[in-house]
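Consider the two complexes below, in which subunit A is the common component and subunit B and subunit C are the respective partners.
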Partner chain A sequence: MSLKSNLHNLKEKYKGTKMAPAFNALHTFLYLPNETTHNGTHIKVADDLKRTMNTVIMAMVPCLIFGMFNAGYQHYAAFGTPVDFLSWDAFYIGLIKILPLVVVSYGVGLAIEFLFAVIKGHEVEEGYLVTGMLVPLIVPVDTPLWMLAVAVAFGVVIGKEVFGGTGMNILNPALTIRAFLFFAYPTWMSGDKVWVHGAVERSKEIANGANLDAISGETILGSLAQGQETSYSVADMFFGFIPGSVGETSTLLILLGGLFLIFTKIGSWRIMVSSVVGALVMGLIFNGVVSAGWISESSKFFGLMSTEFWHHLLIGGFAFGTVFMATDPVTASQTNKGKWIYGFLIGFISILIRVFNPAYPEGVMLAILLMNVFAPTIDHYVVQGNVKQRMKRLKVKTA
Partner chain B sequence: MGLLSKKDAKLITDPLADNNPITIQVLGICSALAITAELEASIVMSVSVLFVLGVGNVVISLMRNIIPSKIRIIVQLIVVATLVIIVDLVLKAFAYELSKTLSVFVGLIITNCIIMGRFEAFALGNSPWRSFLDGIGNAAGYGVILIIVGFFRELLGSGTLLGIPVLGDPIEKTGLYSIGYENNGFMLLSPMALIVVGIIIWVQRSRNKALIED
Partner chain C sequence: MSNDITIKKGLDIKLKGAAEKVTENAIISNFCTVRPEDFHGVTPKLIARVGDKVKAGEPIFYDKAQEAVKFVSPVSGEILDIPRGDKRRILALKIQADKEQIFHDYGIFNVESATSESIKNHLLASGCWPFIKQRPYDVIANPEKSPKAIFISGYASAPLVADYDYVLQGKEAELQVAINALGKLTEGQVHVSVSKNGSSPLSGLKGVTLHKVSGPHPSGNVGTQINKIDPINKGETVWTINPQDLVIIGELLLTGKFNAERLVALVGSSVKKPRYFKTKIGSEIATMVYDNGVEKDGNDRIISGNVLSGKQIKPDGSLDFYSNTITVIPEGDDYEFFGWNKPVFNKISTSRALTFSWLTPNKKYDLNTNTNGEHRAFVLTGNYEQVFPLDIYPLQILKACMYEDLDEMEALGMYEVAPEDFALTEFVCVSKQPHQAIIRKGLDLMIKEIG
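So, the complex of A and B:
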């Protein structure tokens, strides 16, 4: 008896009972079901929801692997014993810190999905597959696991299940989880300690009287917000050898993931392009303000405002948010014209929040959540505009 | 029920659950969001509204036959404003710290939709005794929700109840904090109050499907 027929038998056995959705999900996740539909004409497509989700996950895997190397690399660099980037030492630290994040994220999220499917008696939905992968990539490496578990439970229930589950949610669940963590436990989500593994513990030891050097791993945005120069080169920013959340540092790998999503027609290139344009426009406006001399160097906004406009694309979570979160087909605008407006405003507002909110110099999360809320409104006006245009044409014809 | 007839008792029990002013009629949300970060403030707010609505309903009911209907809103406002000023002064005299925490929200009881709503919908057309019961019932329904929200927000947000630390000391790391627990700062922000109210509404409507409106 193969695993497939075992699963099939289990599924038959529980058919019609409350637990049925859970066994159905397991069976169809691993294998193509044996049954065929009996009536009507059906078109079989290869890219069902599971395939779509898996493609997005494949696009993110390079970021995850890179994040593991980078976590160890930043750890050793900050502790004064630098190692090569592609070394086993670096990867090992990343693996033991990041794998638990992935496991907790998937474990808690899928448990809640199964629970709701059983209670409500519908099939288990695949929506969490991507969210579960996104979450570990957008949190700091030292995030305590119980906090992640609480946040995932909150994000999945309040962000998705109350609206009716996958496909019904207004807000991106991964960003809801990130926003919950940020507002609930700000000391673990921002500042100069959380981005490098071990820095928080080191500062505790120092507070307890240990004679050690303080470790800090400020992100580029963090130091710019405080008006300091950053010591990282543009190449470091582009390839991702900088401190930051687990998977968002390497713009190169995100770019490759983005191209992969565009090539497989899963991510919307309109949103990605317009978001980049929006960010560049806002960056140029700020650069213009600085070169026109409207803002003095003593202003607390000067550091980020004077950042060259295209650097904004390389630092912080902008690239990751644009490629993997803004393009979420459920929460983004549905119409093509709407996608241009939606993406542009995400880029525009991201940089706006980044510059004017020195306490939290990362605006991508808030910008995407805000535009998630406005996406249906944008669509409404795009559709209405189209209706109006066609009505005009109709009138001309009948008149 | 010796004291209350069945019909009268319903005036008190209905607003507690199936006709709750906050979760069913969705009135008085503003104060439910603003002052529920601490349990003590929620309790004081509930008692204040209980007083204002109970007494106000009786006063309006006594005057219901002599109030010209064209100016009834102004009369209602004067009654409720008078009562709120009494509450405000009492709080300032006997619980000054607390009145500072509640700040403008005591004054804003005047604009609490529940109060004007009950004056309009009930006190203007019923006897003083029934109006009194209705006022008490609605204020209690409001208070129950405020206290539930305040309980969870203070417990999870600050780790205290009525100002007493119940989860240990967050700075010296005793109790729950010694194993890495941290207070949830989100709980202290107003959006979380809205979410807690939403969860109460969710639980209530999934227990009683008749409450779900299309």
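So, the complex of A and C:
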């Protein structure tokens, strides 16, 4: 008996039992199911939700691998023993630090998904496949694993399952997890120590009296927020040889991922484009404020305000958030017109918060979460436009 | 007068097994089945009983809600059996056909001198009324209401369907008479649309407003055309009729006979020699299907209608009342190893997520009935809009139907749609939601609550 028929027999055996969703989740991972159409269309397109989610994951894999190299590269650079970027040494550090993040993220998240599926008797939906990959990419490399586990549990249960699971949630689950980490453990999520592996540990050793140099792994945004010059070139920013969350640094790879998503028609180009436009507009406004002389150089906002408007696209989490998080179809606007407004406001507000948030100079997370909340409102007004047209047609007729 | 309609949003699904333009007489089947379920929303009240002899065109049941609407036997013969289902619901009327067909004579009808009332009564009595459907709700037209316009789509754009230009050849006289009669039933216009690139017998008709349609499916759907020509508002009614049924109406008016004969396309990748057959409404399809290369013990899906909105029928099933196409495609009840992530070349996709149908836009596909994935909640957005040309928000109206918000359904345009308008969005749905069933349920709810 082949694997195929063995699994088929098992599926028949589990049918109707509590364990059926859990078994089916594993079974359908191996085999596209033998389900056929019944009523309605007798044929269907080749795509399903698994394929869709898988495409998004493929777009993120380069960022993950780059993140592994970068973690080691930044570590050695900060500790004064630089290594080549594409070296085994650099990759090894990244691998042992980041792989556990991925494993914990998927392990905890999927366990909860399976649990809910079994309790509520529905199939395990694929939404977490993308969330589980996003989470390790948007946290600092040294995030303790237990924190991540707590945050994932919170995000999946409160951010998604209480609303009814995949497709029903209001807030992007990955950002809910990130926001939970940010507000629950702020010292691990911001500052100048968390972005480089080993920096936190080193500062603890120093506090305990060890005679060592302090390690600073400040992000570009962090330096700018404090009015310092950054030592990174534009090319570094674009290619991603800078400190930051695991997967957010390489604008180039994110750009390629974004183009891939647009090409495969999985990601919304409307949201990506309008978000970039929104960010550029806000950046230009700030540049205008600076050149008009409305703000003095001693102001604490001067550093970020005077950053050239298009540099905002290269630094921080803006590119990553725009391409992979703002485009989440469940929490974004669902109408095409609404997507333009939604994306534009995300870009616009991201840069606004980034400049005016003194404690934590990054705004993409909060901007997207905020717009997640407003997306249904945007859609409502877009759809009302269509409804009003229909009403007008009726009035013209009866008049 | 000719007005062009061009549709940009849509999708032509190219499948193997299109019918060759050759007509054969199907072996006359001895059994004829009329299924009340073909007429949505009709509760049948029997006129004929088991054992009764009926002529072709003689009423066999009527609608309980609208008693004037009669349903007639397509053949002359003896009522063999009336099987019933749950709650004694009538499933079908099986009729054994006579060797010599006798027609009930309704008399030659002079349309020119007739009033609209007398035309209506004539069509109701002779069993031609059920051919006329109405929107809103996509059910048999209510004879008490007067439609603001009548729409006839002479362009079939759905995959593999019978070509009207071919099946209507030589039927100009019948079509014209039927149009004349229908023209008297509405104060508005009779809109007829034909393919821009075809030569349809319909384009020579008098007393109609002709529209030339081009663009991908669903440009030929009558719902798309209504939306572009004269959309339905609240409180308005329009009627729609399939052109092949105009021929039956026309023949009845000209000769007094209800002749249920119809040219049917037998298509699909499981058919070895796909072509046209002359057969009758309700006749058994088994011989026609199996004589033309469909394997007898093969694993195939037989569909009365097209692959997007037809009905699944059993091998001993019959042609339904409204269809002029029989499609046979392979069943897809098998597993596919890592089917969800490996590159796909042999299936159609509207994305490019390792699916490569975009590379070969003219390739003809051999699709089976596999759903290619499991049923999920709505997740993706924006992909329905690419194939949905109506001025309506498809995702929002589907959700309104699911949570049964009547006000919202009405506001979003429920009066304008029929299930078949959502066939393409259902085809491309990544979450494998049953769009047409959702819309049908929504429409039924509206009939019940609003009427």
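Note that the second predicted complex is superposed on the first by the 377 of 399 C-alpha atoms of A that agree within 3 Å, B and C clash if a C-alpha of one lies under 4 Å from a C-alpha of the other, contacts with A are read in each partner's own complex, and residues count from 1 in each chain.
Everything that follows uses one rule, which is that a residue touches a chain if its C-beta (ideal position, glycine included) is under 8 Å from a C-beta of that chain, and two chains touch if they have at least 3 such contacts.
What you are looking at is a predicted structure, and each value in this text was computed from that prediction instead of being measured.
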Pick one for A:Ser203: touches subunit B only (first), subunit C only (second), both, or neither.
neither
For A:Glu125 in the superposed arrangement: first (subunit B), second (subunit C), both or neither?
second
Return first, second, both or neither, reflecting whether A:Asn386 touches subunit B, subunit C, both chains, or no partner chain.
second
First (subunit B), second (subunit C), both or neither: which does A:Asn287 touch?
neither
Go through the superposed model and pick first if A:Asn357 touches only subunit B, second if only subunit C, both, or neither.
neither
Once bound in the complex, which stretches of subunit A touch subunit B?
144, 146-147, 150, 158, 162, 180, 183-188
Which residues of subunit C touch subunit A once you look at their complex with the stated criterion?
13, 15, 231, 233-234, 236, 301, 303, 307-310, 312, 327, 329, 331-341, 344, 347-355, 357, 367-383, 385, 391-393, 395-396, 411-413, 419, 423, 426-432, 434-437
Taking the touch rule as given, give the residues of subunit A at its contact with subunit C in the complex, in rising order.
4, 7-8, 24, 28-52, 54-55, 123, 125-127, 164-168, 263-266, 268, 270, 329-330, 332-336, 339, 379, 383, 386-387, 389-391, 393-394, 397
Could you pull out which subunit B residues touch subunit A in their complex?
180-182, 184-187, 189, 195, 198, 202
